[in-house]
Amino acid sequence: MIKVGIVGGTGYTGVELLRILSKHPQVQLVAITSRSEAGLAVADLYPNLRGHVDLRFTVPDHDQLADCDVVFFATPHNVAMQTVPDLIKRGVRIIDLSADFRIRDAELWSRWYGEPHTAPGLLKQAVYGLPEFNRERIRDAQLLAAPGCYPTSVQLGFLPLLENNWVDRSRLIANSASGVSGAGRQAKIDNLFAEVNDSFKAYGVAGHRHLPEIEQGLNDIARETVNLTFVPHLIPIVRGIHSTLYAELTADVSLETIQAAYEERYANEPFVDVLPLGSHPQTRSVKGSNVCRLALHRPQGRNTVVVLAVIDNLVKGASGQAVQCMNIMFGLPEKAGLDIVALLP
Amino acid sequence: MIKVGIVGGTGYTGVELLRILSKHPQVQLVAITSRSEAGLAVADLYPNLRGHVDLRFTVPDHDQLADCDVVFFATPHNVAMQTVPDLIKRGVRIIDLSADFRIRDAELWSRWYGEPHTAPGLLKQAVYGLPEFNRERIRDAQLLAAPGCYPTSVQLGFLPLLENNWVDRSRLIANSASGVSGAGRQAKIDNLFAEVNDSFKAYGVAGHRHLPEIEQGLNDIARETVNLTFVPHLIPIVRGIHSTLYAELTADVSLETIQAAYEERYANEPFVDVLPLGSHPQTRSVKGSNVCRLALHRPQGRNTVVVLAVIDNLVKGASGQAVQCMNIMFGLPEKAGLDIVALLP
Amino acid sequence: MIKVGIVGGTGYTGVELLRILSKHPQVQLVAITSRSEAGLAVADLYPNLRGHVDLRFTVPDHDQLADCDVVFFATPHNVAMQTVPDLIKRGVRIIDLSADFRIRDAELWSRWYGEPHTAPGLLKQAVYGLPEFNRERIRDAQLLAAPGCYPTSVQLGFLPLLENNWVDRSRLIANSASGVSGAGRQAKIDNLFAEVNDSFKAYGVAGHRHLPEIEQGLNDIARETVNLTFVPHLIPIVRGIHSTLYAELTADVSLETIQAAYEERYANEPFVDVLPLGSHPQTRSVKGSNVCRLALHRPQGRNTVVVLAVIDNLVKGASGQAVQCMNIMFGLPEKAGLDIVALLP
Amino acid sequence: MIKVGIVGGTGYTGVELLRILSKHPQVQLVAITSRSEAGLAVADLYPNLRGHVDLRFTVPDHDQLADCDVVFFATPHNVAMQTVPDLIKRGVRIIDLSADFRIRDAELWSRWYGEPHTAPGLLKQAVYGLPEFNRERIRDAQLLAAPGCYPTSVQLGFLPLLENNWVDRSRLIANSASGVSGAGRQAKIDNLFAEVNDSFKAYGVAGHRHLPEIEQGLNDIARETVNLTFVPHLIPIVRGIHSTLYAELTADVSLETIQAAYEERYANEPFVDVLPLGSHPQTRSVKGSNVCRLALHRPQGRNTVVVLAVIDNLVKGASGQAVQCMNIMFGLPEKAGLDIVALLP
């Protein structure tokens, strides 16, 4: 059994880790920490866990965490980078769901997050946890940076187009929309039910923190500089991300050829599902599951390819992908604990 | 492996059976029938099942069904009673999720469903599938009538009060509210998103078909005639039933004593969770799971006891409870295939 | 033109007052105060008011308020009672939408609100603003206490039954449900979209602050002591209250007679609409309007009468009713500014 | 008073016409027709109209309609074109909310609607009812084609950019999202609450019927051929359209200059509201109102301009705009009956 610790388990990615890990056949949950809720039974905060998780939140204890095989950080940014260096020294493997180790360039990180990076020395060693692109490096990672939710959907959607060099890399567009759980479990007026329900809006159009992460990822995939316009929107749903991706063809290639390339590229991927041509994936088709579903279109046979990508932001966009990486890191079957059917309706 | 057939799998209880049974360790799905969708891959209708269920809908074939160990009917009422008699003769065990065999009195059934019952001879043999009250009889059932969604929540909520004879049986009230999936997957204007969203209403106040089923069940529990006022409401959510139950105390018994009685009565029930005093269960705490959560109150210390009961109408209120009964009928662990953590948030 | 001031206009009842008053033919908006948002244009906080309201929030200024004909308080409880005494002395008429002056018994108020009442001397003079019961006293009120949202729906629903002395006053039940805007515009985790959406729950079953207000009102109507069990619920909608009321008949009276009594009692009420027998009012049928719709049922012809009552909690349950009272107080047509068709769908 | 008839009033645009016209100071509602609901009181179908509209649905009667000053068609496509020619001959002015007369090229219409156009002779005479572009021609229109909902938002959003010839017309993108009321009040499984809620999807990516309408409109505005990629999405809200528009700058022009051009272009438009730079309009800020709100962005200062446009699909996207056109056609103040504050929250 793999001994697992979770730091910062009171948020939505924390409870989602518990939902998944509590049924994982190879995992023993050792500790879940929260300074603010120390002493509280996890199941008192999240009643869906009653009967499944007996732990109480505890104050973070380095010795206890150091005793784990792997520690997940489900914390806001700027928390993991304080604690991780010590745990790394003590040989623990780390899976960080926050943004702290996603961007390799510390200065770029600072510019977007508005504060200095306090563990820049670890950035080089951190492995970006997108299994479909980075599986080999993930196997041996000691410090894994789980991708953001938007970035996962956008990278998986563009990947085969970029690898095949079929589109104009200078004018990619990602029009994405997320459920409200992506904003986390924080008391903000903007995320109140009465502010969000029965409404829809874009936000962060001038610049969202996921932009540099996505561009870094697309650059890695394309092996050249990519230029992305990224516009996120807020949907009045709890879970789900839908990315509508636009790219302009520069190669003379048919939609059928592109479809075939996507199917082949993802043929052995356990969690990427390329739908038949003409499909329109709904976010609910992946609710609660670790799957990313993709569909391709070429409206009016013109030059623009449209890729539709859906994930559950809390699963493939966060906790599920983190567990998938854990499975790879520990040599377990990649679907262990993740063979979940999406909840529909 | 238990060979399972499903008749009428295009509705919401059908897809929910597939979600559960496709991960059940002891089940082999043999056939799923639908006249209207014969030939279609199940996963084309329900994309959440892609990669989990390979079956196609087929026209019902008695020989194929007769070859199953158990056949589930996930059909509208008045379908099972046409087909079940033949299958019963051929030795198949039946779990009917429709209303056809829930009410023992054929005349009463006819009055509420507006048509004659065509298999009244089987009504006596049918076992009402509420495990918490009827487990012993379920073990040997050949024909099992899975309870309705409202009836499950109301019976589990009132059961210990009635068994202890602590309340006035002549004036029980069940103020229940259901998510829209309870209305099924039928093209009706009343259930359109634009008709239901951002609104709330009661319906069927003059008389809902679940009333006679609930009263029969409460009579069985109380071993005397019970009088219930039942008012269902429609909530703009997909899944979930919340029943707020009112009963007047006739015995001199404290709320703590009642709480203790509930906890003891359900101590060994794998799917009934009595919350601590003062709790308010949310429907989402059981979304996707087979659990019924209960909480007790006695406002202002007056004479009225209020019981709050929540279930997922498609799971404990339908398909999950049906699988629970199957597990009992076939001597399997009662939680097999049902050890699911509710999806929260 | 009536000069109107609003104290505390940043909440939902504040913006709703502005929506209504900005189109009221006899009203001149003079000031809207908010300490926290002083200087901000109202339309920057509430973009729906762009082009309709030019005011900016200002720090409360007693002289400016004293210059108004009427001042509305759209504040949390415990604010109005600090400021009102001075304004009353200076001859301003007050319409308080908060709870400060609804309950005549200062001690009872203290018990439920957990702090002493600082203006008990004004309680006697305060007029409870339920026009359908109290219209004559409202005309001359200098200090008007606008009823709470739940209390409005429950009182209007029970009123004719109690006035006719047809039901058992000792065992009334109000099973109510409210949209989330009733919780106000405060940053609380419990009211986040991701906490509320696709779920339903009861809350405050042990005791909700509207209970003493409702019982006081029902006592006034019945001219005897009334006993109410009141259970509020939270619906994932923005606006709307639905009360399902249960009363036991003690008189030998038919449902048709009761219906006739309701129709007659409310025949001249501009904002109470008694639906035909057999109806099920939806909350959306009153969304944005000042109407209360009622429907009567007597399930199975038994002894329990069920009354369904719907209002928009922000209109007839708060700001609309306050304006209705203002119209009465100033001798204006009662429908002035309130002749609004509900938004459906 | 203008005598108004409405053909096909049972749908959502019909009830919305009634909501607006019943409060319009210059309008007398003469008739509302529906073959299927003839005899039914309008307020029985739409209870929000109780007390506001006394009409009953009637079978369409040409003589009665011919007696009106103006007849609105709130019908599915292919209905107006059957009846309009006769009414035109009899001198009635027509405002058609359906698609029948929006596209000037009968052949193009046929290709997208899959049937021949039966009144091609009227297409030349039909005036496209987008007041912001076509006000002068609307004044004298006898046959007015009210624009579609998506087309209104997209055209208003791109208009100043195209009139100023600042962007590449060959690669415009409109990523739009609509509330479910846009699909009308028809019994379709796809639009059930349980199919739509808590989910999000694109649809009609291969080709939506609004594409040729939008391209025709943009061509008219640009006076050259425009190429648009249009991807509509379905939001789980009742009302509202949000269009996120992408255009590539070809001119050397700053965002501030563009903003100034938008503000100037729409300065005298009563129903277009250009928000300050950096804004993100929510659909709820226009719910129930006839306003289109626009906001401009230029992410990262790169070459792509992003325009955000929101309308209420049933108001500015249908019935409100139709009434705005009526006001222009009959020389009334353009805001008559339309000075409505959006319902927020």
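A, B, C and D are the chain letters, set down in written order, and residue numbers restart from 1 in every chain.
Heads up, the rule we're going with is that a contact is a pair of C-beta atoms (placed from the backbone, for glycine too) under 8 Å apart; a residue touches a chain by one contact, two chains touch by 3 or more.
Just so you know, these numbers come straight off a predicted model, no measurement behind them.
Undergrad: Pick from A-D, A-C or A-B: which pair repeats the contacts of B-D, with over half of them the same residue pairs?
TA: Over half of the B-D contact pairs recur in A-C.
Undergrad: C-D versus B-C: which has more C-beta pairs touching?
TA: B-C
Undergrad: Averaging only over C-alpha atoms, locate the centres of chain A and chain C and give their separation in whole Å.
TA: Each chain reduced to its C-alpha mean, chain A and chain C end up 45 Å apart.
Undergrad: How many angstrom lie between the CA centroids of chain C and chain D, rounded to a whole number?
TA: 36
Undergrad: Take the average of all CA coordinates in chain B, do the same for chain C, and state the distance between these two points in whole angstrom.
TA: 39
Undergrad: What positions in chain A touch 2 or more of the other chains?
TA: 12, 179, 181, 185, 194-195, 197-198, 236-239, 281-282, 284, 287, 345
Undergrad: Would you tell me which residues of chain C are touching chain B in their complex?
TA: The contact residues of chain C facing chain B are 171, 173, 175, 177, 179, 194-195, 197-203, 205-207, 211, 227, 229-231, 233, 235-240, 242, 244, 246, 248, 278, 280-284, 287, 297, 299-300, 302, 304, 306, 308, 310, 345.
Undergrad: Which chain B residues qualify as touching chain D in the complex?
TA: 12, 179-181, 183, 185-189, 191-198, 236-238
Undergrad: Which positions of chain D touch chain C when the two form their complex?
TA: Where chain D meets chain C, its residues are 12, 15, 19, 22-23, 46-52, 181, 185, 197-198, 238-239, 273, 275, 281-282, 284-289, 291, 293, 314, 339, 341-345.
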